[in-house]
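Before I ask anything, let me first share the structure, which is written out below as structure tokens.
First chain written, first letter: the chains are A, B, C and D, and each begins at residue 1.
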Amino acid sequence: MDRNEIKQFIAKRIGRLLHDGDVVNLGIGLPTMVANYLPEGANIFLQSENGFIMVGPAPLKEDEDMRIVNAGGQCVTILPGGVFFNSATSFGIIRGGHVDMTVLGALQVDEKGNLANWMIPGKMVPGMGGAMDLVTGAKKVTIAMEHTAKGAKKILKECTLPLTAAGQVDYIVTEMGFMEVTKDGIVLREINPEFTVEQVQDATEATLIIPEDIKEMGV
Amino acid sequence: MHMNKEIDINKAVDLIEDGMTIMVGGFLGCGNPHRLIDKLVEKGTKDLTLICNDSSFPDFGVGKLIVNKQIKKLIASHVGTNPETGRQMNAGEMEVILVPQGTLAEQVRAGGAGLGGFLTPTGVGTVVEEGKQKIEIKGIEYLLELPLKADVALIAGEAVDTYGNIVYFGATRNFNELMATAADIVIVEAEEVKQVGELDANDVVTPGIFVTYIVNGGAI
Amino acid sequence: MHMNKEIDINKAVDLIEDGMTIMVGGFLGCGNPHRLIDKLVEKGTKDLTLICNDSSFPDFGVGKLIVNKQIKKLIASHVGTNPETGRQMNAGEMEVILVPQGTLAEQVRAGGAGLGGFLTPTGVGTVVEEGKQKIEIKGIEYLLELPLKADVALIAGEAVDTYGNIVYFGATRNFNELMATAADIVIVEAEEVKQVGELDANDVVTPGIFVTYIVNGGAI
Amino acid sequence: MDRNEIKQFIAKRIGRLLHDGDVVNLGIGLPTMVANYLPEGANIFLQSENGFIMVGPAPLKEDEDMRIVNAGGQCVTILPGGVFFNSATSFGIIRGGHVDMTVLGALQVDEKGNLANWMIPGKMVPGMGGAMDLVTGAKKVTIAMEHTAKGAKKILKECTLPLTAAGQVDYIVTEMGFMEVTKDGIVLREINPEFTVEQVQDATEATLIIPEDIKEMGV
């Protein structure tokens, strides 16, 4: 798989985690691609933390309205039934547990469900934006990322970068597999048949729990 | 006089003095009061503390205030879209306090609503908790976050009547509605100024009692 | 299915079980969901904890629930307009917790917004501070007040689309908007049910994601 | 003066305390009558804590709308430029210092600015409603009441009833005089010429401070 195929593969698998009626917040980048793979016939309510619900697809160039942008600052649309609100209401929705799932990228994630995705000391300090609230408040937190970064492991025993939130991650989806963070550690629920369990473990610092009924990661 | 709050943009921006704390509504430029910001860049007022969700882009909205070196201290949730912010931060030219976006929104709301603070689970177990009081309620740890207020708030409204009642459009609402409650002087830049009674009492988002002055921006 | 939340009023009210905590919007009956309340009186569901601004009048709105002895515990800001509330309270038949109205509103909001509590100056130096943590911030004393949540919220909306987006009219909004965020099951009584897309995205007050079921009340 | 005249007299004096542009919350009963004596030509924004601003006069019977009531539950109107909002916003306005003056009745008020107006233990426990927030949050708190209750003194050295708020009262207006609560005690700024200073002091438990330039209480 090339990098684009990897991203599509990950986004597709996450799409299958969603249910009719779910309120979902998708981070920028890879997570946004999940919008292309929502379960058929299901109504998924995409929330944009800058202040609305029912994000629709990007408009045609000539229909762009700078007053309707997503959390990445890109012009989008709002679907019928969508609602605009202020940032306090938006984060009341998020922190109050009214978002069923948030999908975000990660720099590091560990077997305790800790997540680091907002800064690299001395290098990159973009700020946490809404990520800390999303990871703390959403009912389920799903990490969408490539399994390693230029060979460096990202799924660790313990994050070394400053955390975004402690113990909040539920699922990790990479091109290698679909993992669930449990109190016993990270369980490899599904594996991409292009890889062996050994290969996945070799690319992972945390010790993966391999269930007897491990499934093939279909999409 | 109280009943028509329209004022010339120069007079409005002159209310901002060197060293003041200002809040500016908007999210990556969407909902920034662009004309007020441009005028403030022109005036060159300096040593400002800026409270804004982000520092936008170098050539768009509040980002220009950073590039023009008018900001001494920035309180924001995200600065990644403006490289000049990172540069000034790393060079020690500007103090930057990064706050989770939901906490920032709630801090501004608390400032306007007379609350002494609030407990949020956001940031527990992260560097955000440094220096803050932690309070456990029913077995869950929370951070005590304090309110934010400003000397002047610069607000972008869509339709604004001469009492200062504001209706927003789309995603421009974001921090504008909150910041309009939390400053001593609140200046709103109106895309369109309406007569009193033209806005529906059920649809107005910001009651005019919060607004000090209106600058007529005119349609874009 | 999720997309049309309309439900029969009997099924809706049957979701309320003996001993549950319910929130009911309204202020002296204005903005009470009257049909839902009447149905709940008919069902006779008992031992309820009721969170409502007030206990209205004996023959109007939530007051009927008191008269019908369905309430075990009442959390309200004012009970003076319903003599039966005072009688049951003095006779020890019903527990009544009186809360300042602004604190009650903020407690409900905090419940819906995932806050662990908030600091308010209201009630300092009065009996309201009894048993509460006092926190001093910059020389001012505040009470730490905790959030409120409910099993079921009964909401009165004016126009409601089938996703549950709500627009309120006039002074009926009061606690309805807040309570719609703070319960596991939220049932809204709609004066008028609209199709999705009929309400303006800028004017909707309660986003439908908070609403579980809609009861079509029909025009009064 | 009969009781109605007394109330009008008090309401009129309070009307003169208000300025163009003031946001004012009037309690039920006597305070509501202040609405009839607003300064001419001034725009006073009356707030109703149940959720709107710019309360207008009662409508004609046939125009009554049960959806627009004041904090006393009576049908009123909203003036052009008025706005409806929820109870959290309403008390954000109140607690946040955006109300210039609140006018309320009192059971007792004392020289420290303490107010008791919400319960009599064992007798009347109606609840505080919005009074505690109003008295704590408004910039100026004005008490409108008859000077005594059936001969019993109400302006005390120290309140004996449960407090509504501690140290928040600014002005006390009765049929006898206009008083200001200062950190030194209660100053009788103006006296109704129908009474002597001695008579006012005799009707008051707190020791009144009588300034040299005490004025006649005009209305």
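Please note the rule applied: a contact is a pair of C-beta atoms (placed from the backbone, for glycine too) under 8 Å apart; a residue touches a chain by one contact, two chains touch by 3 or more.
Everything numeric here is computed off the predicted structure, so don't read it as measured data.
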| item | value |
| --- | --- |
| Between subunit A and subunit D, the fewest steps along chains that touch one another | 2 |
| Mean-CA-position distance for subunit D and subunit B (Å) | 35 |
| Subunit A and subunit B, separation of their C-alpha mean positions in angstrom | 29 |
| Sites on subunit B at which at least two other chains make contact | 106, 109, 113-115, 120-121, 168-170, 201-202 |
| Residues of subunit A engaged with two or more neighbouring chains | 52, 78, 84-85, 88, 91, 94-95, 137 |
| Chain-level touch network, classified as line, ring, star, complete or other | other |
| Touching pairs among all chains present in the structure | A-B, A-C, B-C, B-D, C-D |
| Subunit C - residues contacting subunit B, complex | 106, 110, 113-121, 133, 135, 137, 140, 142, 144, 146, 167-170, 201-203 |
| Touching residues on subunit C, where the partner in the complex is subunit D | 27-31, 53-54, 76-81, 86, 89, 98, 100-106, 108-109, 120-128, 158, 168-178, 205 |
| Of all residues in subunit B, those that touch subunit D in their complex | 1-3, 109, 111-115, 161, 163, 165, 181, 196-197, 201-202, 204, 207-210 |
| List of subunit A residues in touch with subunit C within their complex | 20-21, 23, 43, 45, 47, 52-53, 78, 80-85, 88, 91-98, 137 |
| Interfacial residue positions of subunit A with respect to subunit B in the complex | 48-52, 65-69, 71-73, 78, 84-88, 90-91, 94-95, 114, 124-133, 136-137, 162-167 |
